[in-house]
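Each of the next two complexes has chain A plus one more chain, namely chain B in the first and chain C in the second.
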Partner chain A sequence: MTQEKPQRIGEVIDADIRSFDVQCYTLWRGPSLGTLVRAGEPSVVGVVSEVRTESLDPSRPAIARGQDAATEDDIYKENPQLTQLLRTRFHAMVVGCSEDGGIRVGLPSAPPRLHAFVFACDLQHTAGLTRSLDFLRLLLNGNGPASDEVVVACLRQLGKESQYGKDFLLRAGKALAQELAGQTPRLNGILRRLA
Partner chain B sequence: MGLDLAKTIQELNSAASGQRREHDDRLQRIVVAVEAMRGASKDDVAQKFDRPAPRRRFLWAKPTDGLGAAYDPPATPSDFCVLSVDGSQIDVDRHMPMACALINIGSCVIRYGAQPTARLASQPRLLFGEGLYLSDPKNGAAEVPLEGPALGLKRSLEEMRAVKPLVEALPDDLPTLALLDGTLVLWGASGRESTPLLKAEILERGLVPVLDELREMSQKRPFALAAYVSYPASSEVVKTLRLHLCQHSGEECERAGCSNRRSSMSPCSLVNHLLDRELFLNLLRPGQRSGLFISQSLVIQDYKGHQIYFFYVHTGDEIGRVEVPEWVATDERLLSMAHALVLDQCHRGLGYPVAISEAHEQAVVSGSDRQRFNELVASLLSRQGLSAATSEKSRSKRTAWL
Partner chain C sequence: MTTNGASPQEKPGQFLGLVTGGSLSQGVEVRLDAGVSVEDMKDGTHVTIQGEKERFIGIVTDVALGMTDPNMKYAPPDVSDPYIAQVVKGSMTYGTLSVLPMLTLPAALGADDAPKPAKTVPSHFSKVFRASERDEELVFGKEGKTHFFIGNPLDMETKVCLNMEEMVKRSCGVFGKSGTGKTFLTRLLLVGILQNDGASSLIFDMHSEYGWMGQDTDRGATVKGLKQLFPAKVAVFSLDEEHSRRRGVSPDFVLQVGYGDIEPEDVELLRQTLSLSDVAASSAWNLQHKLGAKGWLKTFLDIEGGDALAKLAEDLNINFQALRALYNRLSRLKRYAFITDKPLDDSVNRILECLDQGKHVVLEFGQYGNDLTAYILVANLLTRRIHERYARRKQEAEGGRGKPPRPLVIVIEEAHRFLNPAVAPQTIFGTIAREDRKFNVTLMVIDQRPSAIDSEVMSQVGTKLTCLLDNERDVEAVLAGTPGSRELRTVLSRLDSKQQALIFGHAVPMPVVVRTRQYGASGEYRDLVQPEWSKGRMAGQGGNGANGAGESAEEELDRKLKGMF
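And now, the complex of A and B:
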């Protein structure tokens, strides 16, 4: 998240107000779970909540090919067309959008355009989110059993950024405690993972 | 309502019972026929087929070897390329508001070995206005509309034309096989269903110059051209065996009423209704290819010296038919390469050549593609302020009501 030059990861291929799907330009090079990404201009900011590599054509599922192969790389070496027929894509849950030169937590007024370019967020984009940590509410209320995993992955990544100070995870823990009041087991589960 | 399967099932049942009754007899005849093939040496068949060619009412193929010849698979090169081109089309639909057709050419180039890469692409081309007709440059009044079978021939020609630039983009010394789906014999370009103009445009001014260029290219680099048919239904070799077994004159055959489908006399009736693949499945071991046969199709007479040969190969899963031009068939190095790489492609493709199936995937125009194409035509016409009206029949098919 500290790259000087924005790193373009891929393009939006499906989008609604709450989330967007991105096809990566490079096979297997999807961002990690919990990464903050931004799409289009004005930017819509999301947190990566799923990454998958799949067949480009849904009617042609991948099949096992390596029974006689010595290594996994051999499968791709012996079937060079596979890399042309697969794609890596990811799903991002929207947590903010650019507004008045900064980033506002919450849903945008419109989803990002299809084919909008997607970049990993830099400090300028993440600062607005991390200040209040209100975006955690959107993640915690996200659908799917893995939403806590997304929260953990996102906070761990942000916690590694020295710019947010040593007390970042402490602030995050307090914010989580407020959001998950009455859900002690769930809160403890997340905090244990963050410790 | 669609097809009433309940009404069809009785007939299907009866047909299946008939197949069952014939099954054992067929298996026995195949065993005897294969033994007869093994006994037909190169000298035997040369004696029979090299004299003035026997004239019969059925299409046989001239053997260049003993009928039972079988060749083991050659070694596969360490670095090589297999490419394929396939096409599909949207035919002219007279119910549509604009006369147009589309040819979509898909291609697949796969390089194996030290630098494995693959390139998949498709290139659609719209035919409209004058482009929908083949015209005689010397006689403007003579023209053939490009629709139906003529459009199919044009597509086959475009597939063949797409091969050369793909090969030229590869390193000169890389063993390369261009593999087409189906046949190198453009059946409809000649004969009763064709016209002199169609024949001239598709063959004389179309395919023949392309084959000339490809032959020239094969003299400068290790390049072979082949077409592959999976589970072929042809019976040219069966007819050749029938002719080999026949002890009668052509006149006697005529009098006895021997037809293209069957002989009414012994011993040639042994092979009635058999298929080439049935014989070669019993004759070849996995990996082996048959001897070469020369197609006697009348269309080939218009190929200007590009004789088409074919052989059968046991891929391990089935018998495939491989057609090659004469310049591949008579060059041992190219023939071996074609044999080895077809086999390799079938193994990699779980029974069917990978390059052909990927080129097909690039080319295929699905039912929904056709619908979207038609909608696009209507939408663009409307934007131009033109009528996008379709026929009432077309509309009634799309919107069924009670």
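And now, the complex of A and C:
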């Protein structure tokens, strides 16, 4: 059986043991929030926790140009250099790494190398994570202000995959209830979003 | 999940949860599994716990709700959403059971070891299961000659059986509020004693409920009494022949009491019902001393005129007012037709003859059933004399002369009238309750106010069968001295008001709540008279070539039964 070639979406441009930043090859084509991605070989698996498009040169930030333009597209047509001066990048929180042919939950022994290729995770990689759901703890403790949003986005994406079974979201909800014992309002907020 | 950790040789009941803490004295706490609804768990249910080394069986004494975060009370999740409701159930909110471990079961079914009292608790996170029907059978035995089927555990069809041999060895008690089924339960117990055939019973049948027929007030129908079910084994005595005849019952004997049979002790017992002062009641002793042991009462009541009474008071050196009060109150006895100067027959001898023949005696009080004075007087008087005979015969048997008397169970209603703390130390019933096991006589006390019974007597009651009690003091009195009484209190006060009873004590290995066996339909009568196990025995006897006389007796019984139903 020929396996579909995984789609490469970018390269690691900054990395530490808990997270890595990726620049996308195509402007505006970054993965959506909560997507599971993997970087390098052996793979380090992360969850997209932020996506941003910015100027390539930090000293030359983007400025407003469309005061006289009729549509947003007109701005790009009139300033064709823009697509060369902007980049789309995303930040991923590390939740697992490959080990003994599978994926285990937890931090890797070393961060991914810079310029490591980054791919969207396929079933083979996500199955290891979704079995125990322990990765939710890493996401919830990610300290990012929007970590709950990342959790919701990630679980919703995984929940759409029918192969995890109908009770996946239920299992995830119960796992969250254990992780967030004593933080009822926070849990209630997440559960309302998942419902 | 194939075995859930239980013995691989058997199929355990439904998995309920894990032990999370507790103690032997207060019971263990069990956290319910998310898949088990707390509403399916009932007080009094039996559960098994698979510990590391032992398998325990215990009784659920409380059901409670728990939550992981106390703040949830103030910010409850939105359970109107089915998803959130499902997530919350079992993870953040859960049910807990309080379980009192009672026995340890043999590790494997088929092992000969009997269940033993639990002397430890299962270890942390031991798995808890609903007791299976096999477990119940293992604990309560199989219906048979020694084990009488009294009812079913809650939500189960297994038979809970009482060990009748153990039950009649000590006094037993049937308690419960009025209208909770004490009479039906007692009737069943008496059938059990009849089936077991190890003891005779003497029933002081206050409201004529046990002899020929009784009333089922709920169904507005009559039910058969013991005499109808076991005509050859039951003798009905009546205090009120006319009443019996009106009811279409022909008593075997009409009981009469002689004035000479009444003793000062009987008068002491009547102190409360006749509103006698201590002085007045104790004057009876002086009278007996002065007027003679046999004729004192008759002579006393025959006195006419205040002057004669005053002279007697002076002679006896007792207070005239007290003597007059005694005279007036005892004069009521003249109204009782069953008290005569010269009784036709010695009633006690008659009763003893029947008991010796292995018969069970029901004494119907007829119209005197509503007269507590008559009931207390007759019950005390007969019991005292029967007790004397039993004690003498037992002593003779111990001395190598004659057989020991057949064990006897004396059934009394409104027991607190005989056994309240004021009179129990002096009356014959108090003596029997305390020590008459030695003389082969025990009591079956039926009462709705157990708190009014002397605590010393209650502590000697071996087996207690109690229907619903909701008075705090009554509940406490019944459970006093029982292991886990604090926990069982909840169980007892939550019984249904009909057809449910908590049974504990010598006749059962552990406390059990039962739906009492039905009594009243023809099929049920047949099962009572000729239970399944006895049919097997009869067939077995026939096959083994039992003697012709035995066979014909069984055949005759069978034929009679067919005719009866």
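Following the convention adopted for this analysis, the second predicted complex is superposed on the first by the 191 of 195 C-alpha atoms of A that agree within 3 Å, B and C clash if a C-alpha of one lies under 4 Å from a C-alpha of the other, contacts with A are read in each partner's own complex, and residues count from 1 in each chain.
What we mean here is this: contacts are C-beta pairs under 8 Å (C-beta built on N, C-alpha and C of every residue); 3 or more make two chains touch, one makes a residue touch a chain.
What you are looking at is a predicted structure, and each value in this text was computed from that prediction instead of being measured.
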- Could you tell me if A:K77 is touching chain B, chain C, both of them or neither one (first, second, both, neither)? first
- Task: Using the touch definition from the top, say if A:D57 reaches chain B (first), chain C (second), both or neither.
- Result: first
- May I ask you to name which of chain B and chain C touches more residues of chain A? C
- First (chain B), second (chain C), both or neither touched by A:A195: second
- Message: In the overlaid three-chain picture, which partner chain does A:A177 touch, first (chain B) or second (chain C), both, or neither?
- Response: second
- Message: Touch test for A:L187: chain B only (first), chain C only (second), both, or neither?
- Response: second
- Would you check which partner chain A:L169 touches, where first means chain B only, second means chain C only, and both and neither mean what they say? second
- Which partner does A:A92 contact after superposing on A: first (chain B), second (chain C), both, neither? neither
- Message: Per the contact definition in the header, classify A:L138: touching chain B only (first), chain C only (second), both, or neither.
- Response: neither
- Can you list the residues of chain A that meet both chain B and chain C? none
- Message: So in the complex, the part of chain B that touches chain A is made up of which residues?
- Response: 108, 110-112, 116-120, 348, 354, 358, 361
- Query: In their complex, what parts of chain C are in touch with chain A?
  - Reply: 34, 68-69, 71-72, 75, 77-78, 81, 83-84, 86-88, 90-92
- Residues on chain A engaged by chain B in the complex (per definition of touch): 57, 60, 76-85
- What does chain A use to touch chain C in their complex? 169-170, 173-174, 176-178, 181-185, 187-188, 191-192, 194-195
